[in-house]
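Both of the next two complexes hold chain A, though its partner changes from chain B to chain C.
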Partner chain A sequence: MSAQVLLFGALNGIGIGMIYFILSVGLTMIFGLMQFVNFAHGAFYMVSAYAAFAIAQWTGSVLPAFLISPLLAAAFALVSERVLLQRTYSLPHEAQILITFALAILAQESVTMIFGTSGKNVPVPDLFSGVVVLGGFVYPSYRLFVVAVAAAVAVLMWIAIERTRFGAMVRAAAENAEMVGLLGFDSRKVFMAAFAFGGGLAGLAGALAAPLRGVEPLMGREALAIAFVVVILGGLGSFSGALLAALLIGITQSLMSMIWPGGAHLMIYGVMTLILAFRPTGLMGRS
Partner chain B sequence: MMPNEALRFPNGTTIAIAAILVTMPWILPSLTLACEIVVVSTGALSCTLLLGSVGLLSFGQGLYFGLGAYVCATLIRDFGMTALPATITAVVAGGLLAAIAGLLIVRRQGVYFVMLTLAFAQMGFFLALAFPKLTGGENGFGNVPRTTVAFGQLPLSHPIVLYALLALLCFVAFALVQRIIASPFGTVLNSIRQNESRSEALGYDVRRFKLAAVTIAGGLAALAGAMNTLMLSFVPLSAVDVETSERLLIAALIGGVGSPLGALVGASVLSAMSDFLSPIWPRWSTIVAVLLIVTVLFLRDGLLGLGRLLGGAVRSER
Partner chain C sequence: MRTRREILAAAAVGVAAPALLRQAWAQQDAIEVGSLVSLSGTFANIGEQVDIGSKVAFEYYKTAAGKPLRYVQLDDQGDPGRAVRLTQDAMRDRGIRFFMNCTNSAIALAVAKEAASGGGVYINQAGADEMTGSLCNKNTFRWPVATYSAVNTTVRPFMKQFPDAKKWYTITGQYVFGDSLLKNLKDVLGEVGGQHIGNSYHSLSDREYSGFITAAIAAQPDVLCICNFGSQTIDVLRQAVSFGMKRNTKILVVWSTGLDQFQSLGPDICEGVYFGANYWHGVDAPGNRLLTGVIKAKLKVTPSYLLTAGWACTQATVEALNKAGTTDVPAVIKAFEGLSYEGPTGLEKVRAEDHQVLKDYYLLLGKPKARMRDKDDYVDVVSAEKAFLSPDKTGCKL
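Let's turn to the complex of A and B:
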């Protein structure tokens, strides 16, 4: 395999990894903030991807979806939090898992009712349908766009988490939620904001991924499993851990798909198993 | 629940399970449905054991179900084994895989445990997909001949023989789980469920007990998978997908994990719904999801608990 092909694969992997990062960061944040495990997180991703498909159908371009779909996913997350999930905050983890799991089934069945069981293609926006040539190296411009958007989001998020009041609260709550409550912050509003934010990010991941992989009802399930691998390896509540783990499995998947396409997804879990065998508490090493 | 009753074996539940298994072929509209219920309840039982006794939520029993199904199918088709030895080997294989995966899984607690079970189940699915020579890939593992129970006796091509074998295996599984719950080992599992750190403080090696429970549950799920192969003479790829894991878990939850009988009740309700509703309304899982929400929010002991509650109300009215 030539160096160029390897570079191509690694770049693709960074793109996939960045999408995985945006997908997982909401899950890890919601857990860090309120010890809540959200099995409906993949559903936010799927619903947004389908919204992107619908928008591309109506308007002829998927571009507006990159703004609208995440907002829709955020609204969906917010409504589910208000109507259903907030009732489970006082229940054990198992109950929260099962309720959000049921919510994910409801979302999947609803989407199937509207769009059918078969997968659909989402066209790459015309603006990014070409290729970029960098000194003899040809790369699809949409993938470059994905990496750029994801990197921008990651930077913005880092600023939001490290430099803003809300971020300070999220970090503080991840350390000690009770104390933050005692300091007089309205935990209800923080939770709502976290759900909307996390859902919106999962939605952005879904919209960005839609032109790359198409949409199908089971994509939410798959995304949830991937997000789990990211937080298992990166540690729940850790942003840098999520970024590292997401890039690692993105690059693994991309490189493997050139060597052994049938085993590309398998290797995500293979890498997870291998790391867990030597580092039982994941990459960041805290339990 | 009645702890003293659960600590005896055999008890009233044992008799109820035997009675249900014997009468099902006569009550239900088809023997196929009865076979399906028996297979799903055996698989759901592995979730009931994990959640009801140790408090472990597994989204990954489909991994062992799938392994059991493939091992049984391979042994019958390619090695000419009969049903019983193939099934027993499948159970051992399922237990072994669960012990190996369990070594990695039980090191993490709480939500990490749940996420890991799901991740490993997903890995099993992609394994089956990546090695189509062994599993048949998306086309499934076909041409499994209808063998005999053992030693060339009792052909499974006879529907009643097939049901009798499946029901017997199912009964053995239920009796085993009841026996485990009633044993000192089961008491320790129960104490881990109620308070993990206290059990640890009492000197029990919690991880080893969890690993043992995960191993047994893996064997049970593999048994269900092998039974599924005997029933269908075929292993669809869906036998090893996450949906199978979810179905087994949902059956256990809807029935109620407080008693092994719950697995049978939940599996019956779920299989009957699937049988009657899926031709009318393919999106019937919507109802299952609502039922699951209602169960978790309002019926902690599942339908079995609801039945007891109603039974108690009727009794007190008299």
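Let's turn to the complex of A and C:
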């Protein structure tokens, strides 16, 4: 296998990694800020993907869905948080897992009732329907667009968390919610906003993924599995860790698909096991 | 005063009475047929459609062997263990002897064993070669073709059309069914002068295939051949097309489920891609005209493979029962063997030696959206052929 082929494999891996990052960043943010284990993250992703499908059917293009679907997912997350999940903040993680898992099943079955069990196609927008030729290889324009969006999200999130007043408040609330409350800020509202934002990010991932892989009721479960691997490998709650882990998994998966295709999926978990053996808190996690 | 023996006898009758009554009622009134379908779990999208197809067929046929038919839905939830328990319960509690359908080969093989040991008759849609090969049994029949047939009836006509398309790269599901497709493909390529230049295995849990597709592109094949099934076929094809593989590589999907997959993919992706399929609604055959007419009248949809598979197993069971004229299991098995009828793919015949239904398998070509005559007219039929291993080579010993 030539070096050029491996290089292209690595570049493709960066593309896969950026998609994984956008999928998992909302999950790690919610855990990092709120110490909340959200098994409904995949449901936000799935509901948004179906919303993208419906919008594409209605308008003839999926492009409007990239704005509308994340907002719908954020609204879904917000309502879930207000009505149900805020009551579980003081409960053990096991209760949070059970309740969010139930929420995910409810969402999955609702979508099945409305759209049926078979998968649906979401066409790639005409604007990005071609391919870009790089050397002797081709790469889908739409994947490049998704990578660009993911990169923009990474930069904007870093700015929002590290350089804004809201970000400072969120970080402070994550460190010591009681102290933030004593300073006159309502930490519950901060958490509510953070949860909706995390849901919105999952929704953005779902809308962007819909033209890549279509939509079907079980897609949320698959997404959740990958998102958890990224979050655990990167370090629970670490934004930069999620980025690093997503890229590492993407590149591993892509290169292993060329070198040892049968073990490509296995190696994702192999890498995770290896890193956790030496760094139990993940790449960027704090003990 | 009652003796201990009398009390025990009365208790035994009390316990057994409901089951005996149910059995007696079922036997007198109707022929109950157990339908193994996964209505929840991973395979629910398959089970739901097969279930509907069978129900429509039951409503259409109504009777067999002079008795009314009754459909008994058995939801196995995609779990072979549960399917076996449901079969056992149906045999013991309701006296059901006739079974049909499955959503995957593992379920079908498990139920087939149970049908044989319990003295039932079972017809299914399993893909695994073992069903009419090394694991065949006297009580079980299979409607769709085996992987040998699927490969031979797609690759050979494809190679006739494109004799210069020598270099083949495969993306294969790493499970029994995928391996079986791959093995047969390599055999056929060896015979027709093709060259298998590489393969990428993917697991049952893979959903991201760009790495495999990149490896395929790097190998510069003439043909990309996809050897898997279900939603993974859709995902691999969608991603291969998005990577521009249609530009200078021909794509053949050896095993597709036809219309439902085309609807999931959309016409732009299907255009120019070759698909193998067990059924296509556009085929002009008396059995297909009947099926499409009934399905359209009842459901207002065009029949897909999965709906048809549910229908086909019902039809074959009804035909065998009518031929036998009785519900006696050995008689029905005998009636099945050599049975010939106008099925959804034309004249279908049940081979006595291995209980395989001999039927056409289709090579289809995705047509441009502009040429589609209606919303379901995704493909042209390139060829319709029968190709089956001779009975002495299947490994089946009945």
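Note that the second predicted complex is superposed on the first by the 270 of 287 C-alpha atoms of A that agree within 3 Å, B and C clash if a C-alpha of one lies under 4 Å from a C-alpha of the other, contacts with A are read in each partner's own complex, and residues count from 1 in each chain.
Methods note: a contact is a pair of C-beta atoms (placed from the backbone, for glycine too) under 8 Å apart; a residue touches a chain by one contact, two chains touch by 3 or more.
This one's a predicted model, so the numbers in the text were calculated from it and none came from an experiment.
Residue contacts after overlaying the shared chain place A:Arg188 against neither chain B nor chain C.
In the superposition on chain A, contact of A:His265 is made with both chain B and chain C.
With both structures placed on the common chain, the touch criterion links A:Phe31 to chain B but leaves chain C unconnected. By the touch criterion stated above, A:Ile105 is placed in contact with chain B alone, chain C being left untouched. Contact with neither chain B nor chain C is seen for A:Arg279 once the two complexes are overlaid on the shared chain. Contact with chain C, but none with chain B, is seen for A:Ser118 once the two complexes are overlaid on the shared chain. Overlaid on A, the two complexes show chain B and chain C touching the same residues of chain A, namely 112, 222, 262, 265-266. Of all residues in chain C, only 42, 44-45, 48-49, 174, 199-203, 205-212, 214-215, 217-218, 231, 234-235, 238-239, 242-244, 247, 260, 263-266, 268-269 touch chain A in the complex they form.
Residue ranges of chain B in contact with chain A, taken from their complex: 51, 55, 57, 59, 104, 107-108, 110-112, 114-116, 118-120, 122-123, 126-127, 129-130, 132, 242, 246, 253, 283, 285-286, 288-290, 292-293, 296-297. On chain A, the positions that touch chain C within their shared complex are 1-2, 5, 8-9, 12-13, 15-16, 112, 116-121, 123-124, 131, 137-140, 142-143, 212-214, 216-218, 222, 253-258, 261-262, 264-266.
Interface of chain A with chain B (complex): residues 31, 37, 84, 87-88, 91, 93-95, 97-99, 101-103, 105-106, 108-110, 112-113, 221-222, 224-225, 228-229, 231-232, 236, 260, 262-263, 265-266, 268-270, 272-273, 276-277, 280-281.
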